[in-house]
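You will see two complexes here that share subunit A, one where it goes with subunit B and one where it goes with subunit C.
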Partner chain A sequence: MARILIVDDDDNQRLLYRELFEEEGYEVVDASDGRQALVCIERDPPDAVILDINMPGMDGLQTLARIHDLNRRLPVILHSAYAAYQDQFVSWIADAYVTKSSDPEALTQAVRAVLAKKPAEG
Partner chain B sequence: MAGPGNGTPLVMLLAGGQGERLYPLTKKRAKPAVPFGGLYRIIDFTLSNCLNSGMKRIYVLTQHKSLSLDRHIRAAWSILHPELGEFIQTVPPQLQLVSRWYAGTADAVFQNLDLLEEERPQYVLIVSGDHIYRMDYEPLLRFHTQQAADLTIACTEVACPEATRMGVVEVDGAARVLSFTEKPSAPAPLPQQPSRALVNMGVYVFNTETLVRTVIADAKQDTEHDFGRNVIPTMVRSQRRVFAFDIVSHSPATRHYWQDVGTLDSYFDAHMELLLPQPAFDLFDPSWPIRTHAGQYPPALMRNAGEREARAVNSIVSPGCIVTGGTVVRSVLSPHVSVGAGATVEESILMPGVRVGEGTHIRRAIVDENVLIPAAVKIGCNHDDDRRRFVVTPGGVVIVPEGTLMT
Partner chain C sequence: MTVERTHAVETSLDLEGLLHAILTCVTAGPGLGFNRAVLFLADDAERQLVAAMAIGPSSPEEARTTWSQLAEERATLDKLLQQPLCDGRKNAFRARVEGLSIPLAETPSHSRGGNPLLKAYRNRLVVKIADPASLRDLSADLREVLDGTEVVCVPLVAKERSIGLIIADNAYSQAPIDEQRVQLLQLLALLAGLALDNARIYKQLERQAGQLKRTLEELRSTQEQLIHSERLATVGAVVARVSHEIRNPLTTIGGFARTLSAHPDEIERVARNANIIVEEVEKLEALLKEMLDFTSTRQPALEPTDLNRVITGLANVHRDELGERQVTLDLDLAPDLPDVFADRHQIQRVLLNLWQNALQAMDDVPEGKGRVLSVRTWRDRNALKMSFADTGGGIAPTALPQIFTPFFTTKQRGTGLGLAVVKKIIDDHRGTIEVRNQQAGACFIISLPIER
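Up next is the complex of A and B:
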């Protein structure tokens, strides 16, 4: 079973996506900021990360760079209420960019797509 | 803030290589900071190309042993107007995106995505401080836009045997790149000239978006993160619009020159070429000035010592040199070099501050900065003797490194 790390400073969002992905059959872990996310990844790397951008402290784009530095094969999906961040070159390090909406289908599809593309370890 | 005229490329000058093959000249300085041609440093040629081509937004990405390079750039190249959006700025690794040194040329660009973000140019010109060359980048850029290329590689033509140690570019009749191979044993020849091959000069124009996407994709792979070995072959294989711009066919013979100075022998040979009666690279061409930081020196002085006449023929003699009753033939004397009475310097390159004692004979040697060669010694006259003290290159050039003490 694939493990998804959800990183978002909004408690409701984390809860919502936890339920969504658990229903889809994934194992879910979550983190409320970038630093916590990095600790999770170092301790036990997930199969994919869903990463909010607007977060206090280390924001999503900084976290994305650190994740790349730790494990460049780990797929990351940026997930933000704002579409404008995808113009920033750093955001292109992510494997996908999904804007937040009431319909979570785009996000679940993006997760399936990055997991399907994920290269074998080693 | 986006710079003025986004159609003018942002230049990224890659100056972070170790220059291992030029060791010991690179023992204490980055390769682009190695002196060349008496007054210059290797990087001056690339920066002069930029200036003479109207490219005035330049980041110089430095890494190893960058102090002398940094000092030189500040002294020689603080000439642009930042208030007009022009700059030549050295950038050591910021370790902002990742916490490692540059792993390769493509990684150097990847790690500086924020510079591209700030400037948002339409095109990026990637050059290095590793070659002695003369090139107008303007026609290259024009060609790139005319071809609607993703990437255009500046190339020159060399004989096939020479191409085996370079990046060889195979093209179709429309200059589209069909293959790109580093150091092939059997280089693909030019379509019209079977004895010659097209080789990579290490000068690239990228559309910025293509550049960013390709260096990011490369950063996620286990590669050497090198444009020549990884990024460009991948782009060619995936059928991106990669074109070759052949400087030989696009400009008159007197308007282009390219010489790899990656080895001690090629570095030496490039100097000797400057001393030919009709040098392929004319430092005296007023339409293509090469800038540098020349320092404040008195004029060169040639004076006899009693009956001994001072002579310098087919040589470059820089300001501050004093030849006192010595003979200098087919040599390059950098600033502040002195040659004593009865000494002979033949086919040699003497770096700044070298002093040659009376009666000493130096042949086919490169003597690094501030070395004092005592009186009545021989260097380059017997390679068995030379090898006991110095590096002797495969081409038979003796290297006397900085800090050498001789009695």
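Up next is the complex of A and C:
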């Protein structure tokens, strides 16, 4: 069962996506900021990360760069209410960029896509 | 020479008028009384002297008529000086002279001692020429004009530099040019040179003023464009921020609404998610309220208010939060403060806003490194003052000037309206609010007038 890490400072959004992905059959862990996310990844790397950008402290783009340093093969999906962060080139190292929407289809599709692309381990 | 005469020459700043005044002094009977005079000015590149003005009759007949007429009129110099420039009597000679020029380039001279006109100009000397028509250095046109008469040339000098030449003669009366006349002409030329230089400077100033005016107009229009584009940029930033603040709750609401309709039978889950939806709707309402508050024009409902009580009330309500966030509250409230006339609810909002900002600023301070919120009140003459100081490291100096600007924010979350609303409320109370960085963090100081 694939494990997904959801990083978002909004408590209710973490709840929402936890429900959503658990229903889809994934195992879900979450973190409320970039620092926590890095701790999770170092401790037990998930199969994919859904990363919010606008967060206090270390924001999503900074976190993305750190994840990239830690583990280049870990797929990251940037997930923001704000589409314009795609202008910042650091966002291009993410595997996907999904603008937040009440329809979760784009996000679930992106997760399926990055997991399918991920090279088999070992 | 009378005072009026020199005055007329020195005060005229318009070039045409000045040239005319100078030559009127040279030719008028009550002046120096020469028959004719031509004034040459060096062009900007100093390549040639160009005839700029001429006064005098064009024929012996015209000379006779003009002079008898002037004698009849008993024309004084003042009157002559005031004559309009386009006086028909002067025009024929002027037209003949117009366009004449004397090249200043060094060419081999036909005369012994060089071209006398150039000598007068270059060496700043008065030169008398007995028979100009025989001077092969002069152009044919000029020789023709000056035929059959003795002429005197005086240089026009300004600031130690030659700028032109006056040539005068008695072509019709054939009166000899005596030394006294020459000296007077020299004196007049001296004044004329100064006046011409003044006129040149004035013209230059006028040109520069014109340039400045054009530059100013350009600046104005550039400024308007800038203001316009800045306004658009501000609107853009506002739209981006507000849409972000709206999209987050909307995403959550929409997402949970979908789970409700997908699983209507799971009562517990429905209840939980419905609560979340309500919470998110409240966030949207709060955002809306903040935006409306900011644009509202409601005047504060002033009543006697005990500032210290408002502060202690706020501290009591949020005591638990202080504990959770490991913040020490340091209250230093002056006893026996008079009431201020203030809108209690609005002041509460101000304090709450500053309070929350201070706590948020200290979130990043490592635990145990001293998170202290200091609130002070004191009386300063006719005002009550209170300060809110935190130990959160302060505000970036670049952000400081904009801190009260609507929609400006250094936070990831927030509309950038909080401190703008604070400022507006304090302004509405005719008070002041200022902010500065202290050693450990930011300090806001509010001053409210005690009298209504």
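The rule is short, and it goes like this: the second predicted complex is superposed on the first by the 120 of 122 C-alpha atoms of A that agree within 3 Å, B and C clash if a C-alpha of one lies under 4 Å from a C-alpha of the other, contacts with A are read in each partner's own complex, and residues count from 1 in each chain.
As a convention for this text, contacts are C-beta pairs under 8 Å (C-beta built on N, C-alpha and C of every residue); 3 or more make two chains touch, one makes a residue touch a chain.
None of the values given here were measured: they were computed from a predicted structure.
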Item to check | subunit A as common anchor, with subunit B and subunit C clashing or fitting | outcome: fit
Checklist entry - Just subunit B (first), just subunit C (second), both, or neither: which does A:13 touch? => result second
Checklist entry - Mind checking the angle subunit B, subunit A, subunit C on Cα centres after superposing, to the nearest 10 degrees? => result 60
Checklist entry - Touching A:69 in the superposition: subunit B (first), subunit C (second), both, neither? => result first
Next on the checklist: Tell me which touches more residues of subunit A here: subunit C or subunit B.
Outcome noted: C
Item to check | First, second, both or neither for A:89, with subunit B first and subunit C second | outcome: first
Next on the checklist: Is A:57 touching anything from subunit B or subunit C once the two structures are fitted on A? First, second, both or neither.
Outcome noted: second
Item to check | subunit C versus subunit B - closest C-alpha approach in the superposed model, Å | outcome: 15
Next on the checklist: Help me check something: in the complex, which residues belonging to subunit C touch subunit A?
Outcome noted: 240, 243-244, 247-248, 250-259, 276, 279-280, 363-364, 411-413
Item to check | Residue numbers on subunit B that touch subunit A, as the complex places them | outcome: 96-100, 113-114, 116-117, 212-213, 216, 219-220
Checklist outcome for this item: subunit A contacts subunit C in the complex at 9-10, 12-13, 15-17, 19-20, 54-57, 59, 81-82, 84, 100-104
Next on the checklist: Can you tell me which positions in subunit A touch subunit B when the two form their complex?
Outcome noted: 65, 68-69, 72-73, 88-90, 92-93
